[in-house]
Amino acid sequence: MIKIAYFPGCSLEGSSKEYNESLLAVSKEFEIQLEEVHDWNCCGATAAHNLNKVLSISLPARTLALAEKQGFSEILVPCAACYSRLLTAYNELNKDAALLEKVKEILEIDFSAKVKPFTVIDFIQKHIQPKLKEKVKKPLNAKIACYYGCLLVRPPKLVEVERYEDPLMMESIVKELGATPLDWAFKTECCGAGLSVSRTSTVGKLCSKILDDALSRGATMFAVACPMCQSNLDMRRRNANVFLNEKADAPVLFITQLIGLALGLDKKELGLQRHFVPFNLEIFDKPIPKETLGKSKKVEEV
Amino acid sequence: MSNFEPKIIAFVCNWCTYAGADLAGTSRIKYAPNVRIVRFPCTGRIDFMLLLKALQTGADGIIVSGCHPADCHYTAGNYHARRRWIIFKSLLDFVGFDTGRITFSWVSAAEGAKWAQIVNETVDKIRDLGPYTDYSNLNKLGVGTITEVLNARTA
Amino acid sequence: MSRIGVFICHCGENIGGTVDCEKVAETAAKYPGVAYSVDYKYMCSDPGQNMIKDAIKEHKLTGVVVAACSPRMHEPTFRKAVSEAGINPFLCEMANLREHCSWVHLKDDSTTEKAEELVKVLVEKVKRNQPLEPIKVPVTKTALVLGGGIAGIQAALDIANSGHKVIMIEKSPSIGGHMSQLSETFPTLDCSQCILTPRMVEVAQHPNITLYTYAELVGLDGFIGNFQASIKLKAKSIDHDICNGCGDCIAKCPIKKIPDEFNAGLGTRTAVYVPFPQAVPNKPVIDRENCTYFTRDGKCGLCAKVCTKGAIDYSQKDEIITIDVGAVVVATGFDIKGTDFFPEYGYGRYKDVITGLQFERLASASGPTLGEIKRPSDGKVPQNIVFIACAGSRDPAKGIEYCSKICCMYTAKHAMLYKHKVHQGKASVFYMDIRAGGKMYEEFVRRAIEEDDVNYIRGRVSRIYEKNGKLIVKGVDTLLDAYPVEIEADMVVLATAGIANEGSEELAQSLHISYDQHNFFAEAHPKLKPVETNTAGIMLAGACQSPKDIPDSVSQASGAAVKVAALFSKDELTRDPLIAYVNRCGPPTYSTCVGCFLCVSVCPYLAIEKEQIKDRNGNLIKEVAKINPGLCQGCGTCVALCRSKSIDIYGYSHSQVFAEVMALFNERSLENV
Amino acid sequence: MQELHNKIKSILENGSASLFIAYQKSREGKITPTFITKPEQSQKAYFGDDCKQNLAVYIHKQEVKNFGKVGIFANIYTLKSLLQIYAENQIRDDYLKVVTINPNGAIVEFANFMEIENYVNENKPAPNPEDMERVEKLSNLSREERWDYWLNELSTCIKCYACRAACPMCYCTKCTVDCNQPQWISTPSHSLGNIEWHIMRAMHLAGRCVECNECARVCPMDIPLNLLTVKLNDTANIEFGQQAGLKGELDYALSTFKVDDKENFIR
């Protein structure tokens, strides 16, 4: 049993409960115990860093400090916004000794800021993917648009992902689940997360472009690894459909849910009933479209 | 201690670091005035005895800097210097010199900013460490006063 | 007893504004051995130099310290002045009060104090300087020109026309360089090849020029006036003495799908090929990496069968030749970033996103489309074309902070050429700033905007993606209050950054010249020595130093040629005598050198030899080291290695550097010698 | 022992050497060098485990050189020294006749330095564990403790230069310590001059010292001088894979380099 420190953040306790459920279910299958950092607190997204740098570092730093005190050297952060905040804090504290001293004083915790945050994608690549192929029971018959959004892969100086404008990590994961990853253009476009509550029509417009590009290229569903991405593409689907000629009904699943399905886990265990755009297992029975409207496929054949 | 200003001597090669320091000047990059540059044709020319002499005269810190590997104007002087420094540093460490006071660096003719940074960081570091008297005091004390040095340390 | 004169320069406000020069002069006057000390506004001016000369005579000075700018700037000036007053030029040293002091510190007592100490150190040094005579070395009056682009061609012709021999080497099978790939040139829109090819032919036919194409420099030894260049002549597999350039072999070659370098990958070529119709020499070579005969063990051999002259020679081997040359002009040119460098523009996977160089080939009458603007994916004429300037350049996030200089102009030219060829088409240019400094340049850009109706949008492009057969260019128009702009384009041209050639770092290392952080070769001084390098006898021409347009490259090449011609105008040249030597003394020791010869292998110039000291009867007394003054370059590595300090070096002698170090921080050690 | 006497006798008789340098044991049991010029004196020679002195040092003496061809009885460290100074161009093959006793007690006579090189590499002495332990122990002290330790030790130096005189590697005709223009090393035997001298000595021996420990044995003040060179030899071996006294060709850590030599302190 591997033990890994885990920071769910607010989304995974609320709007994206199913992300939490599916992540825990999948981890269990691979004999990994995710241990929530005791007494964790808000990461400070999205407003704090615009207003007060020390506060914006101190909030996530407290969680890093607690994880360190609880004996961990790295911490799994499923939410992309949390990840961005924790990673920023980790980097700033490690390059600025004076800031670390200040934050130690504020938190009244003595720590070295050596606990490094990592994403669910990193987690899957390191702990799940090596043993994934042999465990897949029900290969997924789907053409999946892997959508990364902004903070999982950016800013490049902070996150250090190769091909940050066209990442391919989730593509390689869904391929091992038996699905066909989609080659498309909007993987890292903005979904409008910051305006999700205040300006739903703007979010709808932004999401409609993402949906349109993927669906016109033949996607049957979406894979995401960020609660905001999921919420906007799923919960704000109605707002997005306003801008589309044809209503989009492709479901938006967390990458962990897709893995769970391929492992043969129960729909409910994976929280699949919680989505706004309904998900039915029949989706895998439909033939996946070969021709795509997009031009890129054709170009490659020339 | 607060008004202690470190005395830093820099042994630099003519082609890279001296020119890099010139570039820092041409670019008007400001750095601490504590450093005194002594020019050598090449890092290969820098005699290890000169480092001892510098400490003897009261330098609190030393910078030794030349061309990056592969960039030596004379092809290989810096490679020979590198080996010499590896051995010399090993010896100084073993005898108990404070080798943290010696900054070894590669600064090219294009790295004016790096030169300024090396100087500033060395000055800051030495300012924190305080004056280096372990060695220069030996000079002042002379014959038979070793016990005084030891007593001064324990006091 | 020394009588040192100290001359403190204010350099106007440059030093005087930060350092209390008067005080420095006063303090210096008190140093032991200083006979005269004075400060003056501009020491390098005529009155300033005269002050030094007069003082030398009046005060019978035995040495001079000029405390002014970097010795790398004015050391020759002051050494000359000193020698005009009758003392040896090597008795003059400079303290660097400007670059190393006033320009990098604030106005403060500590800065003045530093200036005083820098002067003190140099006073201690100069007291121990010895009069030296420059070393005279013969000059080989042959120049080596590396690279056969427009810069190399110009330099070679200028040197050859001044009566000196030139060896030109070019790594590809033909000279011509990037200029031969261009369609028309700004700001006159005259055909690039039409003005270039006569020059190429002139090079080939010039009695003073020896041309080696398909050749690379593998090593350069020696020093100014006396270099030995090792050149690899790659096997052409065709005997050019026999070949008449009929082209039958090219027509028959079955390997036809090799991406064509000359067409920037937009066309294909055969394995036996001439890069382009006007190539010089206009005879083919066999590209062994792609030729079946070489990749599959002697299969094929068609070209040998069709060659009526019997010129094909598969057994040819690479050959290394060594040539003595007196000077080198480096004109190896530049490269451009490929479209794959840009994640946001699709990592190079969209066929219709091309580089500016590829557009040149599309627009060129000799190009793959015979001058028609057709897009690579399907050969259609693009009706809506977008040009993106500063693709990579001026972008610290991409690691390229500099301006590539030529893109503004060629982008305007491209847009213009497009509009001239596709009258109803729409052309847009995304730009950051328009940099059109140059004769008739600004007017040229205005013509593109005003007469040819090119849509200039001030803003960057954040993404290009493909949709429904169109390239969607997402950008921003910053002049419209940062309003987002989307253009559905048929083709996009990136003015990608000009970069140093691959391997330029290694080339610089083998030439022993400096290069900057972007691997462009470094000039000796950014303003006053823009064509020389830090290594005497090696000059720079063209874009290998930084991105340049044709007129700039040609000007610099002519400048380099003049430097070479000036060097070749004398039969001998003099060089600084700052070299190492092994001491000699009377019997019975003859030298403190014990002949361990540990120094031999540290010398990169193989300058350390063994010398036998014999008695009158010819019996060997001892064997000691000897340094060949012709080979020694004065690095001093052997000096620091020698345990018994039997090797010393002029200019940085044991006693000089020792005194310099001891002078710092240590009042007591000063003595007048 | 008789065999050794016979060997020396025959070498002197057949003219392959006119002087033979060996050990002798006095009545008090003291081991000293002896210089045998007549075959009949051969029985003066002695050999045992107590013969530690490095006889190679005498090869440099003008008085010895005057004899022309010289024979020498060499223990393993003397052999290493001879090999090192041969590599450093100080002796010639044809002027030296070298004899040793191998671990089985048999006399070995070397025809040339190639044979010495092979022998030394086959019988390479292990580093002295005691010395290594002391170096290790010192290295583990704090910097201040090390400084105090060496200051304490080196302050007792009386600058008698016995260490220099006993070392076969210190063969310079004019040592830098004797140089007074400039005065590289302070003359009086106070702490500064002492440290300067010993640092310079160690640097000059780094990668050349064969670890015979003669310097420490001859030191009248019992300063463990050999630890300095043992430490630097260790560094040269770890960093550059170079060891002294094993090759007949020059292999000196500080006169060669590798482009990818590693260090962790240059910025």
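Every chain is named by a letter (A, B, C and D) in the order it is written, and numbering of its residues begins at 1.
We adopt the following convention: contacts are C-beta pairs under 8 Å (C-beta built on N, C-alpha and C of every residue); 3 or more make two chains touch, one makes a residue touch a chain.
All values derive from a computational prediction rather than experimental measurement.
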{"item": "Chain pair with the most C-beta contacts", "value": "B-C"}
{"item": "Intercentroid distance (Cα basis), subunit B paired with subunit A, Å", "value": "50"}
{"item": "Centre-to-centre distance between subunit C and subunit A (centres being mean Cα positions), rounded to whole Å", "value": "49"}
{"item": "Centroid distance [mean C-alpha coordinates] between subunit D and subunit A, Å", "value": "69"}
{"item": "Per-residue multi-chain contacts in subunit D, two or more chains", "value": "176, 184, 254-256"}
{"item": "Junction residues of subunit C - those touching two or more other chains", "value": "602, 641, 654, 658, 662"}
{"item": "Which pairs of chains touch, using the document's own definition", "value": "A-C, B-C, B-D, C-D"}
{"item": "Residue ranges of subunit D touching subunit B (in the complex, touch as defined)", "value": "135, 138-139, 143-152, 155, 176, 184, 186, 188-192, 195-196, 199-200, 202-203, 206-207, 228, 231-232, 235-236, 239-240, 253-259, 261, 263, 265-267"}
{"item": "Footprint of subunit A on subunit C - complex, ascending", "value": "343-344, 346-347, 349-351, 377-378, 397, 463, 465-470, 472"}
{"item": "Subunit B residues touching subunit D - in the complex, by the definition given at the top", "value": "48-49, 52, 56, 69-70, 76, 79-80, 82-98, 103-106, 118, 134-135, 138-139, 141-146, 149-150, 153"}
{"item": "Contact set on subunit D toward subunit C in their complex", "value": "88-90, 171-176, 179, 181-182, 184, 204, 250, 252, 254-256"}
{"item": "Residues of subunit A defined as touching subunit C within the complex", "value": "156-157, 163-166, 185-186, 189, 213, 216, 293-296, 299-300, 302"}
